[in-house]
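Each of the next two complexes has chain A plus one more chain, namely chain B in the first and chain C in the second.
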Partner chain A sequence: MTGTTPNDTLVATDIRKTFRRSNGLFSPASETRALKGVSFEVTPGEIFGIVGESGCGKSTLARILVGLEEADGGSLALGARTLFGPGAPTVSAVNRGIQMVFQDPYASLNPRMCVGDAVAEGLAIANVPRAEREERVAETLSLVGLTPQDARKYPFQFSGGQRQRICIARALVMEPAFLLADEAVSALDVSVQMQILNMLLDLRDRIGVSIIFITHDISVVDYLCDRVMVVYDGEVVEFGEKTAVLDHPQNAYTQRLIQSVPRL
Partner chain B sequence: MPGTEPAEAEKPVFSARNLSIFARNGQKRIRIVSDVSFDIAHGEFFALVGESGSGKTMIARAIMRLLPRHMLEVEGELSFQGRPLADLPEAEMRKLRGGAISMIFQEPMTSLDPLMPIGRQIEETLEIHSDLGRKARLDRIKELLSEVRFAEPAKTAMLYPHELSGGMRQRAMIAMALANNPTLLIADEPTTALDVTIQREVMEIIYRLKEKHRLSVLFISHDLSLVHQYAETVGVLYGGVLMESGPEEKVIGRSAHPYTAALLNCVPRRRIGDERRSGIAGAVPSPLEWPPGCRFKDRCEYAGTDCAAGSIPIEERDGDWTIRCLRPLT
Partner chain C sequence: MKFDFFNLKFILGGLLLGLVLFLAIFGPILTPHTANHQSLMDSLVPPLSEGHILGTDHLGRDILARMISGARVSLAIAGSVVLISGVVGVLIGALSGYLRGTWDLVTQKIVESFWAFPPILLAIAILAFFGQSLTNVILALTIQRWIPYSRMARAQAMVLRSRAYVEASSVMGGGLAWILRRHILPNLMASAIIVGTFSMATAILAEASLSFLGLGVPPQIATWGGMLAEGRSYITRAWWLAVMPGVGIFITVLSLNLLGDWLRDQYDPKKNLNLV
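Entry: the complex of A and B
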């Protein structure tokens, strides 16, 4: 439906974003350069980690990738399709084949919408017929470890971990090539965090979805990811195989970051 | 002071005996902490670890008596330097808070007054708890701010909280907590909202101050790696029950309680091949749904029918290690 196949590589080239803030009539506007030209590739079936501390621009990047925010420059392509870039029409968020999971499962579900409707909403926007919607919602809920009967329940009836499963189902029901998780396990208890990490690993193995995992937690990257990109102050400072980056960091910031992580 | 130290080192600075805490909501009385006992010695770094809802913050609040009695009821004994805290009149308690016992919180921005410069906020605690004159107070503020590694303490004292970053605010909070040379510092998830590089800075400051002033620290956290790195003694809470407690190298190093072991199994680290860390099935139950007997039994892979039968006795080992389990792993 989105025209993408699981075999497409996501290529981001020189993505830039500057936020301007007005300081009133008589002062010049101030500028924050959130992304200063970020380029990377994510290959099919891979779990790609984006690490950085608060304010480094990682969430801005996430919002640009899924289409919640517009970049000032650069381009993004999925296989042969240009999602945005100079001279190309910008593909809408629904049709990108990249779906997002947010940090706080309590804030990202509408409390007045039953789980089935929440998960089916994207399909409805994409004009999928009702019968097919129900079928796909049931399938996807089973995929994330919930039951098709859960579709009739409301968010308050679920724990934090289960809500995050619902959010993941809502993203997966669109059959995206890429799942983009922005700090998706940070708000969860450690015991539940491990359940969700294992589920993401299983999903990649079973349905071949690629995962872009944005986090500040190096130990989660070590557990989950294949390759990792370290972002500092809007720039990529280090990039490569997880083992290489974490065991032999070259950049001074990456070294400091890794040294600061308490180890068990 | 040095002359009194040997005697003081023998008896604990803080002690909780059979502490139970109940939350009151109208007619309802919900038990949120059950029968918890632990001691903190002079200069000891004691960590209480647990997932959300385990009761760790409630214990801190009970010690500080931060909630009115009609909302939070405390049973059992809490004593500080041999004095029972429960019977202390509010005026006495007020002298202790910010004096001999001080506390730092998770989100420094909500604990600082946004309309008051940092230095002035520290001065307030000095005015209340000490008899220093204006000049001596200002010197003390500078001394405190440089102790938490502000390069220009005089300048920092003039700044408002919004002019500081998260890590700087937490350091300012620590300076304020230390203003009156406390004996016990309660730190409730002080680094959870901070980046790892800043977390390290803050932890190093707390640890250095503990070493320098022989401060006792009650550190509340959900982060086992952090606790492993800094704590000398660890108490593991689940469902308001102290599951295991003792020296760090025993509790974390040789965990006897299945919950402690399972919790350690939830800490992410590098996988080899298709390996998966087991984690713990299910979720932490709410205080209204705690099962009878062992609170962890429904998620425990070693549980048997006897685990549901009734209250689980505490097993003591080596005089410093307690385990509340019928089927300890070691």
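Entry: the complex of A and C
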């Protein structure tokens, strides 16, 4: 439904974003340069990690990729399709083929919507007939390790980890080429984190979805990702295969970041 | 959502409001008289007399029949005012909080300028300008009463718009109408109902004040405020003329406040409820 095939590469070129805040009439507006030209590419079927401390711009990058925020400059292309960029019309969020999983599993689900309706929301917006919606919801819920009967329950009946599974199902039902997870396991405790990470690995193998995983946690990157990009203060400081970056970091910031995490 | 129905506020408020509603709906069964039937031979009959349970006024009109008419007028006006102002206020406020920007700025300036007028003065001005009628009373009372709803809805919408489920919805293609209908409005309904309950109480008071001043519905319709105004000059000789409509207003407003209070307690997050 998104018009993308699973063998398209996502190419981001020189993405820039500056936030301006007015300080009243008499003082100049203050500027925060959240992204100072970020370029990378994600190949089909890979799990791509974006690491950095809070405030480094990684969440802004995520919001720009899915279309919640507009970039000031740069371009994004999926295969031959330009999603945004100079001289090209900006493709709306739903048509980009990138779906997002958010950090807080408790704020990610509308408490007044049953799970079936929440997962089917994107399909309902696209006017998919009810029978087909129910079928696809049941399918997707089984894919993330829940039962089709769970569709009738409400979010408060689920734990944080289960809610995150529901959010992943809600994203997957849209059949995206890319799943963008912004700190998707940071709010969960360690054993539940592990279950979700294993499920993501399994999903990649079974349905071939590419995953962009944003995190501050080096150990999660180590477990999950194929390639890593380290972002510091709005700039990419290191980029490459996971093993290369984690075992032989070239950049001073990356070295400090890796040293700060106890590794087993 | 579990409501605690064995609660003094709910039982008392429900009983009193039930009494007023019963009076308004089934009142004519209780008395053979009509609200405007005069009988000068029976003027100023005290309460609990033969044929006139609540007595009669200076023109011999049955107080119970007039109380019933008053209850109907009060509830009809307050009900429509709450409904209209609630729908208008919630929609404007939710749009304002969700869209922000120019729309928000413009509506907030309108809200502030309405807020600058004393409510009763504005209502009097509107009625003096447009003339007395049922619809004009409703208009005069509605024109300020949508503001508390819009403020509440705006504040809630500003919180809700940055919720992850609203952002997820827009990533999945949800437009303004979809997000308002499926996410914003259902989540601020509870607060709107609470505002509505209290607003209904003040609407009844405002309607009574207008009638008391002779600016409410046309004078041939008996209202609690009008009865109070007429009974005022007889207060030393025939207390029931003023006390009966006063009790009517008191009971209705008290019951609505009790119910509103109870509802607010039920939705209080400290009562282990996960509301928003």
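To be clear about the criterion, the second predicted complex is superposed on the first by the 263 of 264 C-alpha atoms of A that agree within 3 Å, B and C clash if a C-alpha of one lies under 4 Å from a C-alpha of the other, contacts with A are read in each partner's own complex, and residues count from 1 in each chain.
The rule is simple: a residue touches a chain if its C-beta (ideal position, glycine included) is under 8 Å from a C-beta of that chain, and two chains touch if they have at least 3 such contacts.
All values derive from a computational prediction rather than experimental measurement.
Novice: Clash or fit: what happens to chain B and chain C when chain A is overlaid?
Specialist: The answer is fit.
Novice: Thinking of the overlay built on chain A, is A:127 touched by chain B (first), by chain C (second), by both, or by neither?
Specialist: A:127: touches no partner chain.
Novice: Regarding the shared-chain residue A:218, is it in contact with chain B (first), chain C (second), both, or neither?
Specialist: Once the two structures are laid over each other on A, A:218 reaches chain B alone.
Novice: Rounding to a multiple of 10°, what is the angle at chain A's Cα centre between the Cα centres of chain B and chain C in the superposition?
Specialist: Taking chain A as the apex, chain B and chain C sit 80 degrees apart.
Novice: Touching A:93, do we find chain B (first), chain C (second), both, or neither?
Specialist: Second partner only, chain C.
Novice: Using the superposition on chain A described above, determine whether A:27 touches chain B (first), chain C (second), both, or neither.
Specialist: Neither partner.
Novice: Give one of first, second, both or neither to describe whether A:192 is in contact with chain B, with chain C, with both, or with none.
Specialist: Only chain B is touched by A:192; chain C is not.
Novice: Could you state the shortest Cα distance, in Å, between chain B and chain C after the structures are superposed?
Specialist: 11
Novice: Per the contact definition, I'd like the list of chain A residues that touch chain B in the complex.
Specialist: So the residues of chain A in touch with chain B come to 53-54, 159-162, 189-195, 197-198, 201, 216-220, 222-224, 243, 256-257, 259-264.
Novice: Any idea which chain A residues touch chain C in the complex?
Specialist: For chain A paired with chain C, touching residues are 66-68, 92-95, 99-100, 102-104, 107-113, 118, 121-122, 125-126, 156, 167, 170-171, 174.
Novice: Touching residues of chain C toward chain A in the complex: what are they?
Specialist: Answer in residue numbers: 163-165, 167-175, 178, 182-183, 186-187, 274-276.
Novice: Enumerate the contact residues on chain B facing chain A in the complex.
Specialist: Against chain A, the touching part of chain B is residues 51-52, 166, 195-197, 199-200, 222-226, 228-229, 252, 262-271, 276-281, 283-284, 299.
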